[in-house]
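Below: a set of structures, written as structure tokens.
Both complexes below contain chain A, partnered by chain B and then by chain C.
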Partner chain A sequence: MSAFWLMHAKEWKESLRSYRLIWLPVVFLILGISQPLTMYYMEDLLQAAGGLPEGAVFSMPEPSAGEVIASVQGQFNQIGVLVLVLAFMGQLSGERKAQTDTMILARPVSWGSFAAAKGVHVMGMAAFCYGLGTGAAVYYTSVLYGTVPFHDAISAAGLFLLWLLLVSSLLLLFQVLFASGTAAGFVTIASALLLSLGSSFFAERLPFLPGRLSSVSSQLWMQQPVEGLLGTVLSGAGLSIGLFFCAVYLFHRRSPA
Partner chain B sequence: MELLDTFNMQLLLPLLLLDFVLKLSALIACVRQEMTKEKRALWIIIIVFINFLGPILYFLIGRRNA
Partner chain C sequence: MMHIRNVSKSFGRVHAVNDVTFSIAKGSCTTLLGPNGAGKTTLLSIAAKLLSADSGTVEIDGAAGDLRRHIGFLPQFPQFYSWMTGSEYMIYAGRLHGLTKKEAALRSRELMEQAGLTEAEERKIAGWSGGMKQRLGMAQALISRPSFLILDEPVSALDPKGRKEVLTLMEEWKAFTGILYSTHVLSDAAVVSDDVVFMQDGKIVLYDTMEGVQSRAGSSSIRIAVTPLTDHWCRDLERAPWVRELRQENDAVIVQLESGEGADRKLLHYVTETGVTLTHWETYRPALEDIFLEVMQS
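So, the complex of A and B:
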């Protein structure tokens, strides 16, 4: 276990050294701030960008606070997840390329803890970045539009966080399965898309699929009623824990001893 | 700048600051990374002139072989 924490600390150091610890949170913060701002100043921005033709009437319903944060979350789900996966897809293959993995794994470090530390680090970074970005978005929305009930905000954020953990577990598993980091990243994005597509196809019949996590979270932000919440949470948590330990086990099995 | 007057500067300032931090960290990383003169010049142009996406592109692609 102490080897795991050592490896985990090493991952944070590596993220600091490669500037990830600085630029990833900044990207999430910029996404979280700029979305409410552009939505609020949409009319002025359109005017400045050449304006509407003479006589055109521009009217948009004032979005509620929840809708604004849900649209921020849409940004996190697209750009945020993409950037996270692209930033971390080279974790294992990068070590293999620099051959630092042989240097580390020649020591009495369990292969399992080596892989687990990498997975937990991605989850920690995802939680950190998402927390900062959503905090900024909630603050800006509260200034420009209004507030979302605290209880809804916490549960909606928790659901999306679970979705991010699921994507992190997928990334770890595919990093173990594929030698190339690019392939791992691509398959992670593709399978995350498939998961959410599949769950929206079967939304009626199978309302507990884990791919629903991000859309259910948006519904909670908008304070719409959600059915089958418990099943979604349980299947999401189960799947991400299962994938994580599957990845760690598969990597551990490669160890010579 | 008529447009700027319509914005609330107190709201906009953090965004500008974050953008500056992103650009600055990318520039520092780029200057400290070992690469040919031409490549470095190209990346610096990308980082400075492409807002938001430039630094991200550098961090994701430019540091691949670092």
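So, the complex of A and C:
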């Protein structure tokens, strides 16, 4: 096995031993399950809580299946991304600080693979957690509300996954650039926010910015027409790959060997 | 042979390592001695390819470039993945060197036994003592059977018992690798080293074999007091071929003799011949510490 795969396997093992491989998917699962359930039982919940006066009629428009999943995804985009970044912001910088990397980098391994193994692991975890959470959301939504056409679901999920990969690449890059994991995490969240804000600000004139990935994904879930889908996918994929290899290259360049 | 040639490294305006050249033969042990801040760790990190030199080369058997596969490295403060067990770490380390899982496991067991860690090898490193971690650090450096071991302060942080254990391991492992290690514990250098490199302010101030260094120590010094003590008497004594150095201290004279037989007898002869009265005679042999201080001062 190549050094890259060994180091990648070590990342998974570390996530398992630190229970990150358990609690992180659980967070996504809870988000994915709770949103359809609370939306469905909102009326009963409000009545049980006694918050409504006697005789008041409470009616909410019945959301479509797509709208339910889009709102789940809204949770993933806020809480999910935050938790993912918090869980991994010390991944590379933590090793640099604790100097556990010294005895690894003194072996015949490439510095680039060392960083890449970490980045790929975060992407794997993101895909795993998101897949699990969305799977649960789709299941409960199908039971309570109805289904979303399969190909729409796949492309919507793929788009949001691409957004998560972009965030993972940002996190890796900022961990290479900053010595502090906290700083890397903060800047990652801030730049993800800026990307989203920027793309919605320029939505009219530049309908292909990578920051649109999550909002376009929600539109797809809700089966709304989307403009500039291909451009968004291409720019999103391009930026993710670009940032990832930029991070790997910058770390590799520090190698004295 | 490992050759370190004209290696220099600066951090800003500080010359951490300044034009250092020396060699280590396989099967021998070279000690890097020097006070804190002499540039020992920087030099070892350059040799282990964890730091790039500003100029100069490190070669093993004529090859430069990425030598990491030929080198086993122990940093000054080895930090392990504490969630791994000892043998997991060893196998991971071995596989990164390209060993198969089986080879790595076999090699790990062998080294763990030599390091006296067999009982702990299946326990998480988080619960290990400092001495055990240091020995694991030694063992992980050897997992790939490197031609050279680079050890940064392998004994300095240990208690006397741990120190002895690690020195014993070094003595055993010297048989099949070249060892370059740094220390500021001078008495340890005397135990295992063949060559000694004294460093100060990034420069080599003395590079000699252990015997060579000890023969400097072997030349004994004698502190004598005579009456009357005249300048003339001292000048004549200093000119004698068996006197290396003469230092006057209050009303006594410290005579450093050339090494070799009979120098002290010649001194005694000189005293009686010149007709002065001997009031004090004290012989002492400087320890490595004294040579160290002397070399560092000169």
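Criterion: the second predicted complex is superposed on the first by the 253 of 257 C-alpha atoms of A that agree within 3 Å, B and C clash if a C-alpha of one lies under 4 Å from a C-alpha of the other, contacts with A are read in each partner's own complex, and residues count from 1 in each chain.
Keep this in mind: a residue touches a chain if its C-beta (ideal position, glycine included) is under 8 Å from a C-beta of that chain, and two chains touch if they have at least 3 such contacts.
Small disclaimer: the values here were computed from a predicted structure and weren't measured.
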Looking at the overlay, does A:T102 come into contact with chain B only (first), chain C only (second), both, or neither? second
Figure out whether A:I22 sits in contact with chain B (first) or chain C (second), or with both, or with neither. first
Chain B versus chain C as contact partner of A:L37, first or second or both or neither: first
Contact-wise, after the overlay, does A:P256 reach chain B, chain C, both or neither (first, second, both, neither)? second
After the superposition on A, what does A:L229 contact: first (chain B), second (chain C), both or neither? neither
Contacts of A:K10 with chain B and chain C, given as first, second, both or neither: second
Examine A:A127 and indicate which partner it touches, taking first as chain B and second as chain C; both and neither are also allowed. neither
Touching both chain B and chain C, residues of chain A: 18
Would you tell me which residues of chain C are touching chain A in their complex? 46, 48-53, 65-69, 71, 73-75, 77-81, 83, 92-93, 95-98, 137, 140, 144
List the residues on chain B that touch chain A in their complex, please. 3, 6-7, 11-12, 14-15, 18-19, 21-22, 25-26, 29, 52, 55-56, 59-60, 63-64, 66
Within their complex, state which residues of chain A touch chain B. 18-20, 22-23, 26-27, 29-30, 33-34, 37, 41, 44, 48, 83, 86-87, 90, 136, 140, 143-144
Residues of chain A that touch chain C when the two form their complex: 1, 3, 6-7, 10, 14, 17-18, 98-100, 102-109, 256-257
